[in-house]
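Look at the two complexes coming up: chain A is in both, with chain B in one and chain C in the other.
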Partner chain A sequence: MSSQSAFAEALLAEEVVCPPGLATWNGSAPGKRFAVYRNNVIVSLIDALADSFPVTQELVGEQFFRALARQFVRAAPPRSPVLALYGDGFAEFIEAFPAATGVPYLADVARMELLRVQAWHAADADALTPDEIARLLGDPAALPDARLILHPSVRLLRSPYAVVSLWAAHQSESAALALAAVDPAQAETALVLRNVLDVEISAIAEGPATFILNLQQGVAFGQAAGQALAADAGFDLAASLGLLIRGGVLAGVEFPGSTHS
Partner chain B sequence: MNKPMTAAALAIALGTAMTIAATPVAAQTADKEKCYGVALKGKNDCKAGAGTSCAGTSKIDHQGNAWSMVPKGSCEQTASKTSPTGKGQLAEFKEKKA
Partner chain C sequence: MKAQPGRLRSIADVASTKPRSLPARAGIGLKPEHFREILVTAPDIGFFEIHAENYMVDGGPFHHFLTRVRERYPLSIHGVGLSIGGEGPLDERHLDRLALLLDRYQPESFSEHLAWSSHGGAFLNDLLPVPYHAGTLALVCEHIDRVQDRLKRRMLLENPATYVEFAASTLAEPEFISEIVKRTGCGLLLDVNNVYVSCVNHHRNTHAYIRALPLDDVAQIHLAGFAQDEDADGAPLLIDSHGAPVAQAVWELYCYALDWVGPTPTLLERDNDIPAFPVLFAEAQQAERILCRLQPNRAHEACA
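Our next item is the complex of A and B:
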């Protein structure tokens, strides 16, 4: 084992064990200095999780959250130097965390908060302008086979819990009051998207969810709309398209054989 | 495989969608507004995950370039001791000396 991997392993070990071969510039005990460094590493990663998962933290309280985060940091340290995106797998970790079983929706709230961070950092894409959309209407026959391209920030989460309402309640000043009105066991599908510089989260019905998932998978416009109608008889295509256009996430159109955006 | 929607239905929906999208967003989401100069030190809003957060970074009370989300219409009613108008503002401003 290289000295680097020994050092890295010691940072995350349960007990403080000073890796061999460390020396200090002023002759102080290397073990003590190492313990300080190790503590900073773990605490800064816990802080990073607290930044990215604010509602998850509010749901269980800071003390519980930090204990949970500490175990996650040990089990799954960052694999990328991009700290902003740290937290992949946190929701799955929460699901398997015995002490969190009393809060069954916690993992999905964390899952949604990760999507929110991802949406924030997703690549940019220009939305179609009203003129470009109007031009599509000039050739309706081409519409069923057209592929609608969505903004890279668009993400969906289907949850058996009221993730969006729970999250929204925590955005208000009087979270306790707003929370009282939420039934956590109400299933919700979250649509997460970035509209220019703002990440927006909304709850959407099964129809729009099916429609958006199909579009993301490259299914043609006509077929995607048909699937959505089959999944949800109340599917309102105009309202769904309006949602995407207003959110600035209808980012392009491709026609089979040629491209155009 | 389900039946795809017809070209005509798609075109009508797209046309309607443009009208929906063109109506002011105000009715849907904007019951809040960004209000500059009313947040107490370290209590400003804005958060986008670890490493990017500018929330809670304001250095003084009522800092002119730090904002909070407040209920729509209330911003310019809120007292700000640093604001030249004496109230919160919808755009950033340079603080006057308190």
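Our next item is the complex of A and C:
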């Protein structure tokens, strides 16, 4: 084994081990010195997860969260030095974590928080201006074939749990009070988007969710609206467009055979 | 140029006088919690430094704010994830990301560490120590050659803070670093706190350590705070925490180093327990006053 392999293995090992080949000026046992590195690695990675998953942490408390995160860090250390996006697989790890089964919605809250981080750092795109939107909507003959381009930050999560309400309760000053009013077993679909510099999270109905998913897949406006109506008889096209416009995520439009944004 | 407090320097002013290297002034690490305050108050700071990896994302607020800060200030980009001391080959995708970032922001300085941080595809998020012998010297030099080749610029290499040494080492750290600088032509980022921490941890003389470095090639200095612990025998063990004010002993060592290297751009590093911006600004002013003493003709308010 190479010296760095042994060093790296000892950094992530559950039991306290010291790699061979270390020296100290005073002949002191090197374990305590090596432990500084172990601690730096594990604690900084747990901290990175705590930064990205604040509500997941609040739901189970700091102590439980850090114990959970410690195991995840050991099992799945980051594969990239870009730590801002560390946390892929954390939700799946939570799902399989026996001690977390009492909080069945925890994994989906983590899943949504990862989407929040991704939306935060997603590529930039200018929103259509009011003039461009007016021109688009003022041409009813061309509109059905138009393809609307959504901002790269837009993400959806369908959950059997009230992920948005749980998350929102934790944004308020009196989280405990707000949380008491949430029924976690209520299914919710989260819309995550970045509006200029801030990530916004809202719960949306099945109609707008279907509409947005279709738009993201490049389905033409008319067909996307039809799919949404088929999925949800109460689908309100104007309200869904308003949601996207207010969120600043209507980022472009293409017509078959030409482009315009 | 004497900056007027409360007035934003115009972008044109900065662009027309844009230095090719960092000014010999104090700089501060740019933190997201201070983005807005910096843009609103336009503090008179020599430069800002960022960690490259924090900005290797596609878009969003980090790029928004960095773009605006960069329009107004000189910039140092400091990498923490290239793993130059790694046994394996450099991560070319990471080099690509660095090249993209440097191209976008055109920083006056780019620096990295004499350390490794990735192994077997896992990123360990710490600056891990390297044994110092002919084999590792050749490998580190090969990696630095590749970095400078790919990024088409001279990089600065930072001396590490370490907690253990290796039985396999045959060279002292300053000798190892001198040889790297000689072979690769890279510059040195002299981290004075790291010198202090390592010299205490390994029972070495700080002045002798500094004098053994290639001081003509020092292009930037880092100052930071440390935490204190003990090794298994009760000897002092200092930890490079970046979470405390600069210690008095490190200020003294800084003055000693400046006597040898002359006025040098100096960064105050604080990455943990980040205080309010005025606290960091005051610490930078302290470095600025020391730098001013070496430049008696410099017209600057901190030099008055």
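The rule we apply is simple: the second predicted complex is superposed on the first by the 249 of 261 C-alpha atoms of A that agree within 3 Å, B and C clash if a C-alpha of one lies under 4 Å from a C-alpha of the other, contacts with A are read in each partner's own complex, and residues count from 1 in each chain.
We take it that a residue touches a chain if its C-beta (ideal position, glycine included) is under 8 Å from a C-beta of that chain, and two chains touch if they have at least 3 such contacts.
What you see is a predicted model; the values in this text were computed from it and never measured.
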item	value
Partner chain(s) touched by A:Ala181 [first = chain B, second = chain C, both, neither]	neither
Touched partner set for A:Trp120, first chain B, second chain C, both or neither	both
Contacts of A:Gly21 with chain B and chain C, given as first, second, both or neither	second
Partner chain in contact with A:Val41 - chain B first, chain C second, else both or neither	second
Partner chain(s) touched by A:Pro54 [first = chain B, second = chain C, both, neither]	first
Contacts of A:Leu229 with chain B and chain C, given as first, second, both or neither	first
Which of chain B and chain C A:Leu83 touches, first, second, both or neither	both
Shared chain A contacts, counted only where both chain B and chain C touch the same residue	48, 82-85, 120-121
Complex contact set, residues of chain B against chain A	1-22, 25, 28-29, 47-53
Touching residues on chain A, where the partner in the complex is chain B	47-49, 51-52, 54, 82-87, 116-117, 120-121, 130, 133-134, 136-137, 140-144, 199-200, 220-223, 225-227, 229-230, 237-242, 244-246
Chain C-facing residues of chain A, complex	2-5, 7-8, 11-12, 21-34, 36-37, 40-41, 44-45, 48, 77-85, 120-125, 152-153, 194, 197
For the chain C and chain A complex, residues of the former touching the latter	53-54, 56-64, 80-83, 86-87, 91, 94, 97, 116-126, 128-129, 131, 163-169, 201-203, 229-233, 235, 237, 239
